[in-house]
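These are the structures in question, set out in turn.
There are two complexes below, and they share chain A, which is joined by chain B in the first and by chain C in the second.
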Partner chain A sequence: MKIGTLHLEKRTHVSWYVQGFSILIALAGAFGVGALLIMTTGASVGEAYAALFKGAFGSRNAFLETLVQSTPLILTGLAMVVAFRARVWNIGAEGQFFAGAMAAAWVSMTLHDDLSGPLLLAAVLVAAMLAGACWAMIAAYCKIRFNANIIIVTVMMNYIILFLLSYLLSNTWREPGSYFMQTARFERITYLPRFFSSRLHLGFFNALIASVLVYVLVWKTSLGYSIRAVGVNPVASQFKGIQIKRTILTVMLISGALAGLAGGGEIAGLQHRLRLDISTGYGYTGIIIALLGRLNPVGVALAAIFFGALVNGSTHMQIFTGVPVALVQSLQGIVLIFLLMSDVLTRYRIRRTPHAD
Partner chain B sequence: MLTDLLTLNFLESLLSGMMRISTPLLLAALGELITERGGVLNLGVEGTMLVGAFTGFVVSFYTGNLYVGICAAMVAGGLLSLLMAFMTCTLKLDQIVSGLALNIFGGGLAFYGYRVAFQNVGSKNLPTITTFDQVSIPVLSKIPVIGPVFFDQHLLTYVAILLVPLLAWFLYKTVPGLTLRCIGENPRAVDMRGIGVVRYQYGAVMFGGMMSGLAGAYLTEAAAGLFVPDIAAGRGWIAIAIVIFGGWRPIPILFAALFFGLLDSFQLQVQGIGIRFPYQILLALPYVLTILAIVLRGTRTGEPISLGIPYLREKS
Partner chain C sequence: MTNPNPRDTGRAEQGSALSGAPDTGCEKEVSSILLRVDDLSKRFGAVQANDHVSFEVRKGEIHCLLGENGAGKSTMAECLYGTYQPDGGSIYFKGRQIRLTSPRDAINLGIGMVHQHFVLVPPMNVIENIIIGTQKKGLFLRTEEAEKKIQRLCDEYGIDLDIHAPIKELSVSQQQWTEILKALYVGVDLLILDEPTAVLTPQEIMALFRTVKKMAEQGLSVILITHKFSEVLEVSDRITVLRKGKLIGTVETRSINDRELARMMVGRDVIFRVEKEEVKPGELVLELDGVTLRNSQKMKKLDNIHLQIRRHEILGLAGVGGNGQRSLYNAIIGISPLDEGRILLCEEDLAKKSVADRMMACLAGIPEDRIKQGLLMDFSVKESLLLGRHNRPPFSRFGWLCKKKIREFAERSIANYEIAVQNGDVRTGTLSGGNLQKVILARELAHDPCCVVASQPTRGLDVGAIEYVHRRLLDLRREGAGILLISEDLDELFNLSDRLAVIYKGRIMGVFDVNDVTREKVGLLMAGISE
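Our next item is the complex of A and B:
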């Protein structure tokens, strides 16, 4: 395309500051559309955003609560990083999150007399990871053995596990005499330690450690090389001797384990009982976080804290300006759409056409 | 109790339940069929259905006219898929990621819109609308069993069924239909004949979006009479699975949709009779069946070859 002496040229390499710029454009666009959405309620846009910010970062406790909200999002985001790096479309983090939460709840309910201290907590979290991995493995098996569409299988698994949980919560696991569909509160020794006299629990630090481990896995190990190779070019990587099916299976297991850990952390660190509403779509939000974080663990942690801030601040915003908390869900989708579109801009650069032609 | 299962009454309610339940699945699946035949994989059906369900509900609620609601839902679905078309056909973005983004955006928008339109609503005072009446076809609806099942249904059910032969005729007997199918297989060949590939794809994607919006409107305006944030409950995804299961052909898609409807209707009837069986297992059946259907169709016969691949003219 030519305009006068300028023309558009495709970039061969997109540097990190161009990528950062595209994220800024996406955020600006999203908050712009968000402003329009706020106007439909009749509230003042400035006041609403100020309340949102104040609720998220206004005080030490607000900031710590933002970190609490970001904890499951970091882990589901990482789960998506591992999967998407291999272009394995695991949309099942939501179900794997619940699988992890259910396993953590089961260990908390049954093993609290047999184990104690760090051993019990480790058992809770390891069970959560195993359960998440197992739930993901079903979808992986359908993909590998039958070449089934993994997106649809994983989405269906998200619904199936909710019915399973609903069954358990209305029968064997239900708190005796309770009006709500929930388990009884677990024993205190199953709780993850909390810090800074706030709700910030060990799960947040687990998530940070997981970020480092995912970074090492993806960029510093041969498995990580296989994962990225399968994502970039499955045919070529097969010729290089990479076993695609095994890579897909491994990716799904790791991805499911991370999502499961997110569920386990919420149970042991925050909820201390199992309910149907422990997730506000963390699994789906993980998709946006992974893409916003550029499939990079550091970026994911930052994006998760940003989204945690939105979730945390939105409660404050609803109380003081009446703008519904649901604004955040729309904002998340808009951020993703703008991000995808602004990426197109960064694929090109404007160059002066040489006089020779 | 088993004898309850064998009566004519049971058969009648089972089959008319099948017709009702499969209507939104069929509408969305037919839309997605056209979209995918044009080479665009729109995974945003679920989100588009939610937007359609919300728009249809809120417009019917405030205008008191269900038909205005239907039109508004189709416009909303069309607009949302216009965004999808812009992202995938003009900007050539990854279709999977764009579709997922559309889902999250659509779901969030519908939820937010509902909260803005109906403030101070709790679980006790949910706003409702009077749903569509059944349209009985004279004489035919009096035939035992067959009458109530096929000739005493919602208007949109007839529309969905009639669209099947209509779309089959369009795809296989008309020049635009042939062109669309060619675009799904080999867009370059169509482009070389001087036909606007992107224009066709915009049309296909927007038709799909309007059908998803219509399917969503059916959920609130014909089935439920109210809106809840997760009213689509995975039906958009099941519709995509039905397209795969039906091998991207209209008539098999009709039967796939009816089969899903039959299964769902069966679990409702069993619940109604009161057989002691964990109802959650029955509720999970359609989702389990979707996985089974996808697994059986793993070899993907009939999938448009260029499905999901953005058409770039300059790339050789």
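Our next item is the complex of A and C:
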């Protein structure tokens, strides 16, 4: 006897709880595979995950540190939301992050005598956003003028800026007499204010404000409508008078500015000096965050805090259970894979085929 | 195991025995049946494309499958040709149950099909295209024998075709002949033609039907899929009508008229001709003055086009698809900049005006592909209605969307245009073709345009929706708009237009008062023959 086979049926409507459910399934799957990885180290899965949780949320300070870790991720995630909503595949947030960091560093190094207090801090952050936007605009220009593939151009730009920074750090910007490739520590006046006697700095609140602004931009303004329309159907948008090229340019500028702000915030809020390792791939992780948050600014903030928690908790986990920090990095990748798989669940439903006989 | 599916053969024998049993009274009748479809069902997702459909095709019969778009005609054909596998039911061919897993099975059994989209190799000639894939042995194509056979087929069925010409130099109708020859060459007993007349001029349709009748006389069975009554009544022996995937019935052609057929197809009475009232054309609204457009290879897509449209007037543009209609639409609404000439809207040159500017100057466009060019299927109906107006008052103020105004506009549009949807928040993609077109009409006509360019406004719509669109266009004409109606449907053009222009290879072949021109004349012009 033959049992009816299963087949996929496209859903006409995807409700929010189906979406939420698919995200939960993806996370469960990822932690399941993570458990297998933990077992290979010989540690107890329960203890390792408990330590991870405790490290991330176990105390007031742990929680605040989680927020610190999530700050750049919220911003790079938002950068992706703006771009991906228009189906502009900006993979260059990493480069734009560095552009922002470099601009912030430059302002901190050169203008700290000319400007004072809040004005200097504003200059640092605005410069970071401008630099990120300019760096993104190069790719946007290649796309608009030569119809270059924006994925390839943005990825290449990431390497270019890294090597540029590497050059600067080994020559002009290098701290005199230092062994490391880094600038000197900046003047205290360029530091962003910190709160709750922790490392939590103004950048986190900037990121929250940015979430709200991006939400408003995408859903409440006519520019946001254009961005979404171009993403959904560029041909119809063009037929109704939306200028595609202008929209791509705008989107890249905003996206780049957000990623640049992430870089500037890290410099002025946390690092206070420029090094090559200020980013642990925040630009790329932003892609996962944006997808995990379903291209929704609120979802992105939550996803970023979740990833921040993973990173923050991982140190605690390594110290107390010996499971290496690298587990969390692989976990992030695994989340993405499961997320893409669970996407099938949101777009299709599984049905049993009534058998022909 | 030599037989991959031994159960099937057993079943087939059993099946034919069973099918023979009740019909023993008329032995002759049974043997004359070539194909029998029994209770066939096919489902795509939520759509039941074929719902327990049964019908028979006799030997030497021209059998029409008639139905509106989405009635399940093409799905049925693809099941018979092995492209799809039915979910339920059975197919008997020459008295045996068959189970097709691919078109190759169908061809081997003697079932051929000509699709709407041809599968030909453009640089190769007709002979090569026909024998490609049929030769079992040898490295090189042996064409001499094949050539004789193909020429014989052409003579036998009265097909007028230069079989040495490369495909890329052939017209659409000649390419269709090649596809038909492909099927005849491998020796089919049943030929399925899927909407064969959609791309042909009236004269070419006549020639096709002559050949199809000849084929039937020689004992070949033909299934003709179409939604046009006139063709069905002209050429077929019997008609099977489908509606929404269900079988309505099979009838003898000589015992039915077009009204009865329409009722079967649509499920209610249909008004064939919308009443067009007499109105006097007013002042000029749209003027095309020597419009020329070239493609990237500097070939002319539009060649020195002069057209004038007045208020209270519908100018129909007839032509076989792909003769520059699309370029003309794009040029008028402002997507393609002109290489030469001018377009004047109410005596104002549009050259420097963007798509959005032209819309504000009271030009409206109904694009030919409503899904790709007109709508945002993933957006709500409310938002689809907003496209193009999203950045101007009253819907947007200082860059902010005015939620209330947008909702009111959606509610008004849904009510005025009878869009079948609960509210404006429903996803556009869930609407049927007719309702999608209503969304576009509601959006485009909201600002009382003085000039409307409608490209294939009824393509793919069911009869009810077509009637609705026609009425709206005539309302617009009465209210004083000038309308350019681009269509491939001659019935529609003759019914609605005041004047008719014919386009061929980007040139206007002539403009006529609709009462002073015959279909034959228009048909010839559509094929590029001016005398």
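One rule holds in what follows: the second predicted complex is superposed on the first by the 338 of 357 C-alpha atoms of A that agree within 3 Å, B and C clash if a C-alpha of one lies under 4 Å from a C-alpha of the other, contacts with A are read in each partner's own complex, and residues count from 1 in each chain.
As a convention for this text, a residue touches a chain if its C-beta (ideal position, glycine included) is under 8 Å from a C-beta of that chain, and two chains touch if they have at least 3 such contacts.
Note that the structure is a prediction, hence the values are computed from the model and not measured.
Student: Taking chain A as the common reference for superposition, should the pair chain B and chain C be classed as clashing or as fitting?
Tutor: After superposition on chain A, chain B vs chain C: fit, no clash.
Student: Would you check which partner chain A:41 touches, where first means chain B only, second means chain C only, and both and neither mean what they say?
Tutor: first
Student: From the overlay on chain A, compute the angle at chain A's CA centre subtended by chain B and chain C, rounding to the nearest 10 degrees.
Tutor: Placing chain A at the corner, the angle measures out to 70 degrees.
Student: Check the residue A:159 against both partner chains and state whether it touches chain B (first), chain C (second), both, or neither.
Tutor: first
Student: Which one hits more chain A residues, chain B or chain C?
Tutor: Per-residue touch count on chain A favours B.
Student: Where does A:236 make contact in the superposed view: on chain B (first), on chain C (second), on both, or on neither?
Tutor: second
Student: If we overlay the two complexes on their shared chain A, which of chain B and chain C does A:223 touch? Say first, second, both or neither.
Tutor: second
Student: Quick one: is A:296 in contact with chain B, with chain C, with both, or with neither? Answer first, second, both or neither.
Tutor: A:296 sits against neither chain B nor chain C.
Student: Once both complexes sit on top of each other, what is the least C-alpha distance from chain B to chain C, rounded to whole angstrom?
Tutor: Between chain B and chain C, the minimum C-alpha distance equals 5 Å.
Student: Which residues form the common part of the chain A surface touched by chain B and by chain C?
Tutor: Touching chain B in the first complex and chain C in the second, no residue of chain A appears in both lists.
Student: Would you mind writing out the residues of chain A in touch with chain B in their complex?
Tutor: By the definition above, chain A touches chain B via 37, 40-41, 89, 91, 142, 146-149, 151-153, 155-157, 159-160, 163-164, 166-167, 170-171, 284-285, 287-288, 291, 322, 324-334, 336-337, 340-341, 343-344.
Student: Taking the complex as given, what residues does chain B use to touch chain A?
Tutor: For this pair, the touching residues of chain B are 43, 47, 83, 87, 91-94, 96-98, 100-109, 111-112, 114-116, 119, 233-234, 237, 240-241, 244, 278, 280-281, 283-284, 287-288, 290-291, 294-300.
Student: Flag every residue of chain A that touches chain C in the complex, lowest number first.
Tutor: Going through chain A, the ones touching chain C are 9-10, 12-13, 220-226, 228-229, 232-233, 235-243, 353-354, 356.
Student: Which residues, counting only chain C, touch chain A once they are in their complex?
Tutor: 45-46, 86-89, 333-335, 354-356, 359, 365, 367, 372-379, 383, 386-388, 390-391, 395-396, 399-401, 427, 429-430
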